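Next come two complexes, and both contain chain A; in the first it sits with chain B, in the second with chain C.
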Partner chain A sequence: MTQPILTIKNLSAGVEGREILKGINLTIRPGEVHAVMGPNGSGKSTLASILAGRDGYHITGGEVVYCGQDLLELEAEDRAREGVFLAFQYPVEIPGVNSTYFLKAAYNEIRKHRGQPEFDAVEFLKFVRERMKILEVPEDFLKRPVNHGFSGGEKKRNEIFQMAVLDPKLAILDETDSGLDIDALQIVATGVNRLKRPDNAQLVITHYQRLLNFIVPDYVHVLVDGRIVRTGGKELALELEENGYESIVHGGAVPA
Partner chain B sequence: MITTETKTKLNPNQPRRETVPYWEKFEQFEKIAKDPEWVRVARKAGISHFVELGFPTLKDEDWRFTNVAPIAKLPFKPVLEPTRDGVTAEALEHFMFAGLAGSKLVFVDGHFAPELSSTVNLPEGVKVKSLAEAIAKGPAQVEPHLFHHARSDASAFTALNTAFFKDGAFIYVPAGQIVPEPIQLLYVSTAKEDGTTAHLRNLIVAERDSQVTIVESYVSLSDAAYLTNSVTELVAGDNAVVEHLKLQDESQQAFHITTLAAHFGRASNVLTHSIALGAKLSRTNIHAHLAGEGLECILNGLYLTRGEQLADHYMVVDHAQAHCDSHEYFNGILADKSKSVFHGRILVRPDAQKTDAKQTNKNLLLSDNATANTKPQLEIYADDVKCTHGATVGQLNEEAIFYLRSRCIGLETARRMLIHSFAGEIIDRVRCQPVREELDKLVWDRLEQDEQKTTGNK
Partner chain C sequence: MSKSTDTIDELVKQEYKYGFYTDIETESAPPGLNEDVIRLISHKKKEPEWLLEWRLKAYRHWLTMPTPEWPMVNYPEIDYQDITYYVAPGSTSDGPKSIDDVDPKLLETYDKLGIPLHERDRLLGVAVDAVFDSVSVGTTFKKELGEKGVIFCSFSEAVQEHPELVRKYLGSVVPQTDNFYAALNSAVFTDGSFCYIPKGVRCPMELSTYFRINAAKSGQFERTLIIADEGSHVSYLEGCTAPMRDENQLHAAVVELIAMDNAEIKYSTVQNWYPGDENGVGGIYNFVTKRGICRGVNSKISWTQVETGSAITWKYPGVILQGDNSVGEFYSVALTNNCQQADTGTKMIHIGKNTRSTIISKGISAGRGQNSYRGLVKVLKNATNARNYSQCDSLLIGDKCGAHTFPYIEVKNTSTQVEHEASTSKVGEDQIFYCAQRAIAAEDAVKMIVNGYCKEVFKQLPMEFAVEAQNLLSVSLEGSVG
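Showing the complex of A and B:
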């Protein structure tokens, strides 16, 4: 079998003495789409944050191997340069930073990291316009300050646009569906699907099954109270939608 | 309507002790000044008001956070004669906005330097010259405006300026004329002794339907603890379009007090910027009198402070007529033990219905020892108005830093990007492109220096 993109082994972590993740195991191979579903407070966003390198979490046990290297040893920016991308649940508005400038700086960091010459303004614009075409992103996304004054839908779309520019190996989508109407949801999902390739992978974190009608996962993991209590195929999401998390927590056979 | 503390009226012949040297100096000065009667009267009133008011103290509500005792303690040395030996065009070159090809007037220690100044491409009737000369030779355009907007009876510093000013710029744009190139005013200090004081007095009149851009820069070739005490009166006529920028980049020992007293006519559009980078202590007063209906003005400002600097902005926006929009945007970036003060008073008079007044003051503290004081003050006497104000004081947004890092951008670059963007919000409002670009570079270089210093101290 090919080398996994991500292997999480028995990962335990928390904040200030409170344990949130209590032994997570997860393996993601190239070409796969994994969904992690779970109720509020189950640790979904903590998992995304820890993978992306957000400060403030204590790792109390286990390990995370990304393409053969210890992911937890890397700074957030180095993870991103190595191809880990987090689409934020709440993308941050940065007034005063022009989107083109920001994207060019981000993209050139990756090029530097790979030992490639940096793109100048003209080269970058040519490249970024091609990426925009794939996702049908409006031109003014480039001209406006990063996320500033964007609607909720525009912000999520901008996350996927950034994903298209940075071309990650592992994309983590943290509740990218939250707060979106059905049209915005379809646009975002279509974008994500267009970026799927046999050599990359996607980890979709969501509370609701709705997004998974559009981004079809190969595996669904149910996260409850910091543990993955069940793993199945895409039909597991539908079961959850019908019976709720309660049935799985209390009714199903919960592995220890 | 400007409230000041009631002070005991004193006989000018028995002045307060601290003002005695000023009074004596005035008597000497009056003997050598050759002013027309109307100016003499104003000067006399100025010194009397100064003696009555004395320097403000921390007990004065409008000066609560800014202690001018160090100014009061300085020996008072107004520069009464030109002193510009050694100042060459080459020495001033890097202070100029290089991208501006228009007229420039240079003043050295408050005196006009004609050999360093030039006027080019001025449309018919437009005047860009020394105020002293204008008073002497053509007072018809000066007398109706000078002393009318900046009031000596309400401010000790304006009173002192009125008593002692030697010169400044006079800019007159007749009705309907458009000045295509921005006009540059450069004020240089060469003070060799502490207490050296330049009292600049400027008058800018843009008549109805005219358009003009003015850039004022205060710079220094001196290390002394000098004082700049200047007053600019700005009149924008009906339908006039005016952009005005003041760059304060005085030496780190200097004291800087300026007042912009502005009068805006019906349907005028005025954009004014105050950029404060230098001085040990700076106070910028802006009094905007919105005197006609349907006008729009933006007061925009940025201050960067470090070391033990203090930058104070005191604004009064006086909505006297209906349907006017005023927006104030002030951002500050404070490092080390520096301090800032923002005082924004919005007065909406009973006739000023449909007023739309906005005010924001945002402060970014780069050190735990920096202090930002912000004081909005709304007085509303009309009932159909929109007035909003907001102030923030905080550190760099950790979430924004993480967001940038998660997009491959390193921690230091992310910090710089955010600091720069904070300044950029303000600089982006400068309409005149060459000025905006040079200012952006100047501010960026200054922030980089600070950043290097901060990193070096760690």
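Showing the complex of A and C:
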């Protein structure tokens, strides 16, 4: 069996003495798409933040292995260089910093990390234009400052565009569907689907089932109060949509 | 304290690169300030009688003036009797005839500062006047400029060679009695640069003055006078550094710019005086008066400043918009880190019709730095259709620094349009995490964020210096991220 990309074993974590994740288990193998669904406050975004290496969380137990190494030991930038990508729920604006410049800096950091020579401006532009074609991203995304003055939909699209350029092994999409209308949702989902390959994996975090009409997961995990209370195939998402989280919580399901 | 705050703190700590001292023989006046010292300076400079009288008038007025207390800066009282007002490298007391006569030690100093004066290594396309303590040690490309009729020389030389121009314009924009530090400068100024661009001439290269304070316990009081005659154009740049010392040193300069009909002056400053150590010990007090007058119609004066050094900065480069349709601009990046304090801004005085001014001020506070923008936009009664646009932004890095804004607007004409925009932002942990998640480490992220923030100002600088300003800012910020 191939080595998993991500293995989370009994992970507990929280902030300032409050436990949010209470023993998460999850294994993601190459080529798989996993969806984590759950009500507000269940710990979905905390899970995404911890995997990406955001400060301020205390790990109280368990471990996370990413491609054979201890993920929690790595700095956030090193995780990114190793191929972990987080599409932010709220992408951050960086006024005055040109998107091309930003992406080139990011991409070259990853190349340096892999021991490859850095791309100069011409090489990078050629490369980035190729990636743009996959996603049908408008040319002006390259010229505008990073997320500054972008609409909500444009910001999410820009996240997926960055994902296309940085080509991660593990992409975590944190509520990428929030605040998107159906057209924008379709554009974003199409992008994500085109980036899927047998050697990478996606972890899609969402509150609603509707994103999963466009991104079809291999596994759906239901996260309630810091625990995965059920795991199933894509049909589980539909069941949730119909019956709501309540039925699952009180259905007494055993963690997967 | 979170990890990223630590990184920010680390980032802002970085040694001052220009803090060396040149051991050179000097000739100096005894410390202290009195009429004899002023007479001595005037005598050393072989000045005409009228200039000595001008200095003495300034001094006598200065004695009656109180130290200004309105700026938002704190420092112990300065003992003006403890300062040496005249220090000249021994070999230059008569002034070198050409760069070849300059003491090799001085040339070496400027090499080390990255400003080679020697013909073979000169900066291309930039003429430099190098001022060391109280005197100018040399001016490059004089001959080439002379062919176009451009006069670019040290102030002392201008007094000898072009007394009529000096007498006509000296103090015409900043009178001797203008303010406390301008009066002090008028009494004891020792050198500086002089520049005259004749009618219709577009100055073929950038002109630049490089100021270096070297001697201990001395002050630097230089004077720069730039006159752009009708239809002429000049771009001018000044840079400054000083050795690292535990005591504070005073730098009180005056710069006067005069633009006639259809003339344009662009004046850029990259100020990197020694800022003091991280506990606020030592550093330069940079108390400077800079003012330009758009005397003619359609004239334009543009100030761009990048202020990263000095323990205390107190300066308000302004423009008097006298000629109809004249334009004044002020672009500023002021950085305060560790214990640095800056109270800086501009004054735009609209007198003529259809006059326009633009103010873009970017303050950056890190460490325990305090940064104040103070600006005046004044529109007089006859300034029909005057327009001003001001934008004052403050960026905070870390949680122990401060940013303050004091905009003053006085309008006496009803057809005026004045706009003021202000913003305060923080280099947030969110931004740093976002960059980290895109493989960019905190130190590079802060540089990127700060440079992005300053872009509007940097693009006003001449190309070569825009790059230098960016590097300077990164260095000044090293050790400051949070």
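Keep this in mind: the second predicted complex is superposed on the first by the 252 of 256 C-alpha atoms of A that agree within 3 Å, B and C clash if a C-alpha of one lies under 4 Å from a C-alpha of the other, contacts with A are read in each partner's own complex, and residues count from 1 in each chain.
In this section, a contact is a pair of C-beta atoms (placed from the backbone, for glycine too) under 8 Å apart; a residue touches a chain by one contact, two chains touch by 3 or more.
Treat the numbers as computed from the prediction; the structure is a model and nothing was measured.
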Touch test for A:P39: chain B only (first), chain C only (second), both, or neither? neither
Taking the superposition on A as described, I'd like to know which of chain B and chain C A:G179 touches: first, second, both or neither. neither
Touching partner for A:G23 - first (chain B), second (chain C), both, neither: neither
After lining up the shared chain so the two structures overlap, which partner does A:D55 touch, if you call chain B first and chain C second: first, second, both or neither? both
Interface residues of chain A shared by chain B and chain C, listed 52-55, 75-77, 79-81, 85-86, 88, 91-92, 94-97, 102, 105-107, 109-110, 113, 145, 162, 166
Contacting residues of chain C [partner chain A, same complex]: 2-4, 428-431, 433-442, 444, 448-449, 451-456
What part of chain A is in contact with chain B in the complex they form? 52-55, 75-77, 79-81, 85-86, 88, 91-92, 94-97, 102, 105-107, 109-110, 113, 145, 162, 166
Sort out for me which residues of chain B touch chain A in the complex. 397-400, 402-411, 413-414, 417-418, 420-425, 428
Touching residues on chain A, where the partner in the complex is chain C: 52-56, 75-77, 79-81, 85-86, 88, 91-92, 94-98, 101-103, 105-107, 109-110, 113, 145, 162, 166
